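Okay, so chain A shows up in both of these, paired with chain B first and chain C after.
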Partner chain A sequence: MSAVKDKYQKVAYYPGCALEGTAHSYNRSTQQLGKALGLELVEVKNWNCCGAMEVKNIDPKLQTYLSSRVMATAASEMNMDVVMAPCNGCYHNLKKAEYDLAHDPASAEVVDRLSKKAGHATYQAGQVETIHALDWIKQGIGEEGLKKRLRNSLQGLKVANYYGCMYTRPRHIFPEKDQGPGSESTSKPHFMDDLLAAAGAENVEFPLKTACCGGAHTLSDSDTSTKLVLNILRAAEAAGAEVIATECPTCHSGLEMHQVRAEKKYGQPTKVKIIYFTQLLGLALGLKPKQVGVHENISDSLAFLKEKGLA
Partner chain B sequence: MKPLADIERRLGEIEDGAAGHGAAAAAELLALGEEVLEHWVVAKGVEPTRETREGFRLLALHRQGCAGDPSFNACRETCRELVYHYNLVTGDPQHDAAAQRLLMMTMVANHLFLFVAGKMQVAELGDFCCASRPLRQDAAPLESA
Partner chain C sequence: MPIHEVSLIRPENLHTQDQLVVDGVDVSGHWSTFIQSRAVTDYNEAMQDEIAALPGGEHVHRCWQCGSCTNSCTVNAINPDFNPRYWIYLIRLGMEEEILRDKDIIWQCVSCNKCTYACPRDVVPEGVMKALSHWMELKGHVKKSPSMVFDEVFSEQVFERGKIEEGRVMQRFFKRTGQSLNQEWLIEMVKRMLRHLPVTMLTKLGLATLVAPSTSRWSDARAAIEEYVHEQEHKRRRALGLDGLIEAAKQDAEPAAAGQGARP
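Our next item is the complex of A and B:
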């Protein structure tokens, strides 16, 4: 077993706020997938919000502190060296905090001051490695490992893989990406494509895999979000996809909700199903739809999955 | 520079197949993409560049639009996909998948339009992405300040 593979067998799990609310099915399917693959998740004790976009826009250093506290807890109180965050927003913010602490003394000073005030150890850059759920499965199990465990092939399922814009952006906070063969690409991410292909799915050519879903507009300008999502859904269908696989709770709920809104407001129905990649992999490993929370998605895909022999 | 509403209408016409096919339509889509970015750059009070980057003015305009506004990078890959599809369509206009490639290019161009138009709308209220400038300006100093 390689060092990376070994390291990812037991990781600190940082679900973040969304996975306890609108993205409960992502939480459930991630945990079930881990169990089915023999990967251990240990939830970060008493975790807090990563600072999301709201705090970051008002006070970026406060966001750095909030994210650093999560990493400090994992490192100092749990003795873990890897934190896995399935949410693109959390993943992005922890990586940003890591970068800021390594490169910006002013951020480090603020984090140290607030950590002391809060009474916990100050996080030092490099104490933990933050990874996404995609890294976890791709590096911890890999395509070959996945193939060995398959019970239901996703064969015949045409999938558009949608990564959203925060998984790879900005590039400088993801130094491990763009490192040649085997590493993730920030221009054309492929980890989700690789995993789902290993599970038998047919990935379609989808040019909007990192395009903005309008998540940040959802409250301030819903019409723009609906139009952006509708364009993504229509493009996926035009590319031949039956399913859009997601790996971000904000993107996922945005796609689901604006799919409904696009039909109501603009009279433009789309049929493409929106399913987390963890749900699809779980089904491929023989888990039942309920075990991976298919019933908790807004986008009702149960009949479709039955038709495909996956439920 | 055409008004945004005209660009939107033209994109719809190209998608419907009523406005040409093949290399000519791809060239027009690329030009429409440039005009969309020009709107953003001009709104920021800057003269749109005539320079190119990697052979494309679209990419130079995107870079210009990002200056001082990193969130504009959210459409970086959309711009690059537009260029990629332009190369696919014009490089082999007779390819069996040429019509499909043009359709995808149209949707990519439409996404760029929607992103920039939406961003401009929100920019009138303050900054893009959740926080408004007035809120930030009027707020009392925060803990980390």
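Our next item is the complex of A and C:
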């Protein structure tokens, strides 16, 4: 059991665009979870989009600039050391920008030029540490800390933990991962498994933890996405899971959207529920389903959670 | 599972004849099937450099053809014709005609980065797929893929306001690709989304689609971004030799317009 990190007790919070839209329940549950655990979130002032996959496809250095502006605000205007992003896309992009700025002088030059023209401080690599919501809970509270605060239990809940692509790939932008005991693994991530197990859940052996849901083409190549999602949903059910726990708004809405599409368009229904890990942890801490936004999910799990004594 | 590999001996290149006499010897029924001989005369010797000049393609020259990318590929698992290793091979050889056979599926890369994770030579195959898709469009071999239209709709909003609003991105994307919002699964999804939501929340969501969220004091950043985008577009066209083509077309057009007739 490693000691909790003090610097994670108060972090700059970067929700990102999706959490203000379709992933409102992830935003709500993340904030409620912080409150319940005594972790402080200070929203990044006047933040902008991280650039996502779309701007990267138009021009990778522009995505680096957009992400760097968020980190520059946290460092220079808010004097924060840690930026926490619950969205895999935002988290990935901030990490990628951090890596590129430290290793690619051409990217650093473009970022400096654009920052000066836009009239804000240029972000310098190393000014902040970017973490995911999973790091925040796992290393800011830890399993033991979580257990002390439980008011309910996820006991009897069979969960498949789904991490998606951008939390672990490509490896080089996550230098803190794969560093032995206590660190996250890029091939078999386990932070979400650890936290949900501490809250009592029964994690199933799920082979598709880091499979792709086709999120990049969820609308532009829907048939491919439906195939990929259906594969994930079926694998989870075959592994005995009742719930797929998620930690990314794009994965989450992709699974929800294509679960409906597979059912309506191809007559391939699946029953597995899709719930954010922050919602599950919130329920274990005694929060009400509405407080963690269960009613805002497309995948309807209210009756199921009641049956499990969690609502 | 073995990787399905591509063969240059395709059915249309095999010729079988029932009756065949070669140099006066009747070989019917024995040596009656021949592979059409092929001579490649249209190499694009600059192809590797052209791909390397586009974002993501910078490291294509490092590839040593181990096939880890194709072996780990998400899309290859559902469509064996989607083969990054083979396309990288063709880029390096400059076999443009051959790669154009797959022009309609290359954009389908889902950017899961499994290839980049597996690659022992840091080729960044995911980036090469994006560079190759851009190359296809810039050279006029394909029209804009739905994925490219989505990237543009999304990026336009980010450049304009600093943030996106998903409903607006979705609407614009459907409109620009000529798709109807009136699809059974979409309607069902929206129904399920609204099922448990209280009225206040619905009002808030409704407002978000009317008043787009934006980053304040964004105009300077926007101007800087737009200037950069313009500069990069020009640079890429030049790298692909497209500026020269445009110039040549202009020069061809001028004498004709002046009544001097076509040039020799």
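Worth pointing out:
Note that the second predicted complex is superposed on the first by the 307 of 311 C-alpha atoms of A that agree within 3 Å, B and C clash if a C-alpha of one lies under 4 Å from a C-alpha of the other, contacts with A are read in each partner's own complex, and residues count from 1 in each chain.
Simple rule for what comes next: a contact is a pair of C-beta atoms (placed from the backbone, for glycine too) under 8 Å apart; a residue touches a chain by one contact, two chains touch by 3 or more.
Please read all numbers here as calculations on a predicted model, not as lab measurements.
With the two structures aligned on chain A, chain B clashes with chain C.
Once the two complexes are overlaid on the shared chain, A:A235 sits against chain B while remaining clear of chain C. With both structures placed on the common chain, the touch criterion links A:A216 to chain B and to chain C.
In the superposed model, A:R261 makes contact with chain C only, not with chain B. By the document's definition of touching, neither partner reaches A:A3: not chain B, not chain C. Between chain B and chain C, it is C that contacts the larger number of residues in chain A. Shared-chain residue A:R69: touches chain C; no touch with chain B. Clashing C-alpha atoms between chain C and chain B turn up only in stretch 99-107, chosen from 99-107, 153-161 or 243-251, once the structures are aligned on chain A. Touching of chain A by both chain B and chain C, each in its own complex, is seen for residues 53-54, 57-59, 61-62, 65, 110, 114, 165, 169-170, 211-212, 214, 216-217, 219-221, 224, 227-228.
Interface residues of chain B facing chain A in the complex, by the touch rule stated above, are 70, 73-78, 80-81, 84-85, 100, 103-105, 107-108, 110-111, 114-115, 117-118, 121-122, 125, 127-131, 135-136, 139, 142-145. Those residues of chain C whose C-beta lies close enough to touch chain A in the complex are 55-56, 74-75, 78, 108, 110-114, 116-117, 124, 127, 130, 145-152, 154-155, 158, 162-167, 170, 173-174, 177, 184-185, 188-189, 192-193, 195-198, 201, 208, 213, 215-218, 220-221, 223-225, 227-229, 232. Interface of chain A with chain B (complex): residues 53-54, 57-59, 61-62, 65, 110, 114, 165, 169-170, 187, 205, 207-208, 210-212, 214, 216-217, 219-221, 224-225, 227-228, 231-232, 234-235, 238-239. For chain A in complex with chain C, the residues that touch the partner chain are 17-18, 20-22, 24, 46-49, 51-55, 57-62, 65-66, 69, 110, 113-114, 117-120, 165-166, 168-171, 186, 211-212, 214-217, 219-221, 224, 227-228, 256-257, 260-261, 263-265, 295-296, 298-300, 302.
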